[in-house]
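Take a look at these structures.
Below are two complexes that have chain A in common, paired first with chain B and then with chain C.
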Partner chain A sequence: MCEHATEEILRLEDVTLRRGSFLLNQIRFSVRAGEIVAILGRTGAGKTLLLETIAGFCRPEAGRVLCRGTNICRIPLHQRNIGYLYQDFSLFPHMIAAANLGYGLKLRRVPKGEIQKRVETMADRFGIRSILDQYPGTLSGGEQQRVALARALMVRTPLLLLDEPFSALDPATKEGLYRLLREICQEFQCAVVLVTHDFREAAALSHRVGVLLGGTLRGVVPAQELFDAPWDEETRCFLGLEAPEKE
Partner chain B sequence: MMRRGGWFPLVCGLMTLAALALVGSNVAVIAVRGLKSLPACLVQPEVRFALGLSVKSACISTALCFLLAAPTAYTLTRTALPGRRAAEMVLELTMSLPYIVLGLSMLILFSSPAGKWLKEAGFPVVFHQNGVILAQLVVNLPFAVRLCAAAFRGVDRKLECTAGLLGASPAQQFFTVLLPLSKNALISAVILVWSRALGEFGATLMLVGVTRMKTETLPGSIYLAVSTNNLDAALASAFLLLVLSALSLTAASLLGRSSEKRSRYV
Partner chain C sequence: MDWYPLYNSLRIALISTAVIFFAGIFAAYYVAKAPRLVKGLLDVVFTLPLVLPPTVVGYLLLRLLGPTRPLGTLILDLFDVKLVMTWWSAVFATVVVSFPLMYRTARGAFESFDPDLAHAAQTLGRSNTWIFWRVRMPCCRQGILAGTVLAFARALGEYGATSMIAGYTPGRTATISTTVYQLWRTNNDALAFRWVMVNIAISAVVLMAVNLLERRNRTGRKEAAPC
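And now, the complex of A and B:
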């Protein structure tokens, strides 16, 4: 856990949301600046729905989502200042990488020269200077990931939500990006919530890990205690600590 | 020797030939006979007037059509407005109605006191060129909405959400993400709608009739020419419509091909 991270960036208070027969049930946890929290869960556990609720794509039926102490549930998407990375990176395919990076600044009417300067600085930080004039379709998965991360950080977002961002990448690229994410998280002091179904990734990358099963958050523990924490039986089965009972 | 199961492609091939013969023979008649009559008819002021009015009204009605269709399609595909399904059903229904029925309803609407008030305010519709534009607009609007909606549905919504989180308001998401990404599909839609407007006849006939050198479009010109047994003039107008349709179809297909190439690259 990072020692300097004191400011609480995100707090979820009993966030509840129903989608058909699926219920995201009274989710509560918080994330501090510079901290990475991974939410582990099976496919269909509600991980993406949880991230989408924090981002504002869905409005919770009950509970509150607080960002720096402000309830953001009724704040429109474009005023939330939250970074969101999809599994497929969602880069704008009709814009070159530089335009993708500068998109948020352009909307904020930052002068052109200033945008270019900041894009180049960020590109240097992420090692993507040489691909700035390329369209996303011509970039590799790792390059797209870097551009997407850099784009989210260009607008100085305090909160970054990552939806299984490394699942489509090869192990070597993943390792490089883990390192980069940890570095930028500290450097930009942003809180990161990452959802994944990969135990190894969750333990290697995050400071704390939460387990989400069937729409219920079973707990959030320090990453190094993931396999030692006093989980319930279902969670222990999910983590492979206990064999599921045979019927 | 025929392979096992080889009869099916053969039957399909024969059916294709029959379909081509059925459609192609009509195109051939217009192309061959219309081309012969064209030089003599093109000098006639009536045909030139009809051509001018058709192109002008099709351009104006298409522009108005997309001015309404794009926001409507956005509402239908990107918002959770109550009554969305009902709105979609109304649009679908008018699309399947015979256009002469739409023309009749427009005639009744614009002959009402409200229509008379419009006329007094300087916007006559019934038996006026404005009516030609309005008829084309009403007939094509549901079609244009459907094309725009299909274009918008083809764009990944996650991109707009991403733009939103980067600070783009809904209008900025529309203009910087949705519109550029559906541009090619929308241009093809404009061409198709323009081409349909050019050939609109049923609703126009009911609303404005066909008066020589006043409300005479190319389809109206064909109708008048056939009524007066002037087959050469009818064929010449038909040939002009054929050429315009072929040109718009070519443009739409070229755009489609360039968009396909681009999507493979991007």
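And now, the complex of A and C:
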């Protein structure tokens, strides 16, 4: 579990963003180093939009996104050093796994020998050494996910955003990756924001869970209190704690 | 046998393919991202030469670049360069006629590109220009390559617009296609047939080279997933 003494990596202060008729409304929460926060919500609740706003794909109309105390709203996406993992992993299909891993370092002009050394160290940590010379198309879902995670962490990112990263995987692979994610989160002291619609996944993987419904964050509570917290009626319905009212 | 038409055709086709490669990619990239209305409008403009008869394209080019027309006069006055009835006049014709093939194929490739790949690359720390050449282009390489080959083949075989704007002057503006027509018109069937075979051979070699390149890529990448 995350210690309160650890550094605060991410803080959202009343972040508001409109997309057509959808409103992401005054979102506020924070994540500390080594902590995993899951954001639960239905499809269309604004989970991905929230992650994209943190990453910099969209700029909030109001509020601030602070990373290590600095407002990053005006910093270009490619200068934010935030890791982002997609549901389909988004590995570059024209590069072998090793090149995918080394991509971020190559951009930072790290010498070739150093890149190779760091790629091999990271590959050992993630158990993907044997597949380094393979193209993503030849890898299983679990292997692709490991490569994608390792790639994001190669650039020493303090913040990792995961957009339903385990939804396409089988239960056994998921379990292994949950364990791995928890370990690396502690080891690399990075803050993780994970969006999912899977209650079980949110409770099993994260330290704290937030519920996002209709663009509004209904609260963020410790994972073990997810089903006991004093939620409003709509959230209780979403969590299956209360039957929806019949009209 | 005078080989000038072969040299001239290859020169014109290579230059116009180089121009079309960059112009087609540039146009395709921005049109693929443009709002629907702008996209529809630009699409019509860029594709028009594909459906217009080449003689119409030639006529329009003559109206634009002819020595008595404003642009032709301006270039003639400023640089003492004639834009029609020279070998490079044919480059204008082949660029316009072949451009839609590159543009449409590249646009299809860009539209099927997964934008998440570009986003993932951005989060790893690079600007759009770098990502365009190192991620988007390699992922769309099949479409780009196909467009380039089609544009080259079309430029090599262009006749209508070329004959109108560059004419047929042996040893100066003659290309394989204009030479074949002139030889056939003057009843020199044997030589015309020889040039036809040369044209077929070049096109076949180009297509085989592309297929070989593609197969080598595919084998090298085992069964890498398409973008």
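Quick note on the criterion: the second predicted complex is superposed on the first by the 245 of 247 C-alpha atoms of A that agree within 3 Å, B and C clash if a C-alpha of one lies under 4 Å from a C-alpha of the other, contacts with A are read in each partner's own complex, and residues count from 1 in each chain.
Note that a residue touches a chain if its C-beta (ideal position, glycine included) is under 8 Å from a C-beta of that chain, and two chains touch if they have at least 3 such contacts.
Note that the coordinates shown come from a computational prediction; the quantities given were computed from them, not determined experimentally.
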For this session: Record, for the superposition on chain A, whether partners chain B and chain C clash or fit.
Result: clash
For this session: Considering only the touch criterion stated at the top, classify A:224 as touching first (chain B), second (chain C), both, or neither.
Result: neither
For this session: Examine A:121 and indicate which partner it touches, taking first as chain B and second as chain C; both and neither are also allowed.
Result: neither
For this session: Identify the partner contact of A:134: answer first if only chain B is touched, second if only chain C is, both if each is, neither if none is.
Result: second
For this session: Have a look at where A:71 lands relative to chain B and chain C in the superposition and call it first, second, both or neither.
Result: neither
Problem set entry | On chain A, positions contacted by chain B and by chain C | 55, 57, 76-84, 86, 88, 90, 92-94, 103-104, 107-108, 135-138, 151-152, 155
Seminar exercise, completed: Seen from chain C, its contact residues with chain A in the complex are 114, 116-117, 119-127, 130, 135, 138-139, 141, 221-227
Problem set entry | Complex interface listing, chain A residues touching chain C | 55, 57, 76-84, 86, 88, 90, 92-94, 103-104, 107-108, 134-138, 151-152, 155
For this session: Can you check the complex and tell me which residues of chain A touch chain B?
Result: 55-57, 76-84, 86, 88, 90, 92-94, 103-104, 107-108, 135-138, 151-152, 155
Seminar exercise, completed: Within the complex, chain A is touched by chain B residues 156, 158-159, 161-170, 172, 176-177, 180-181, 265-266
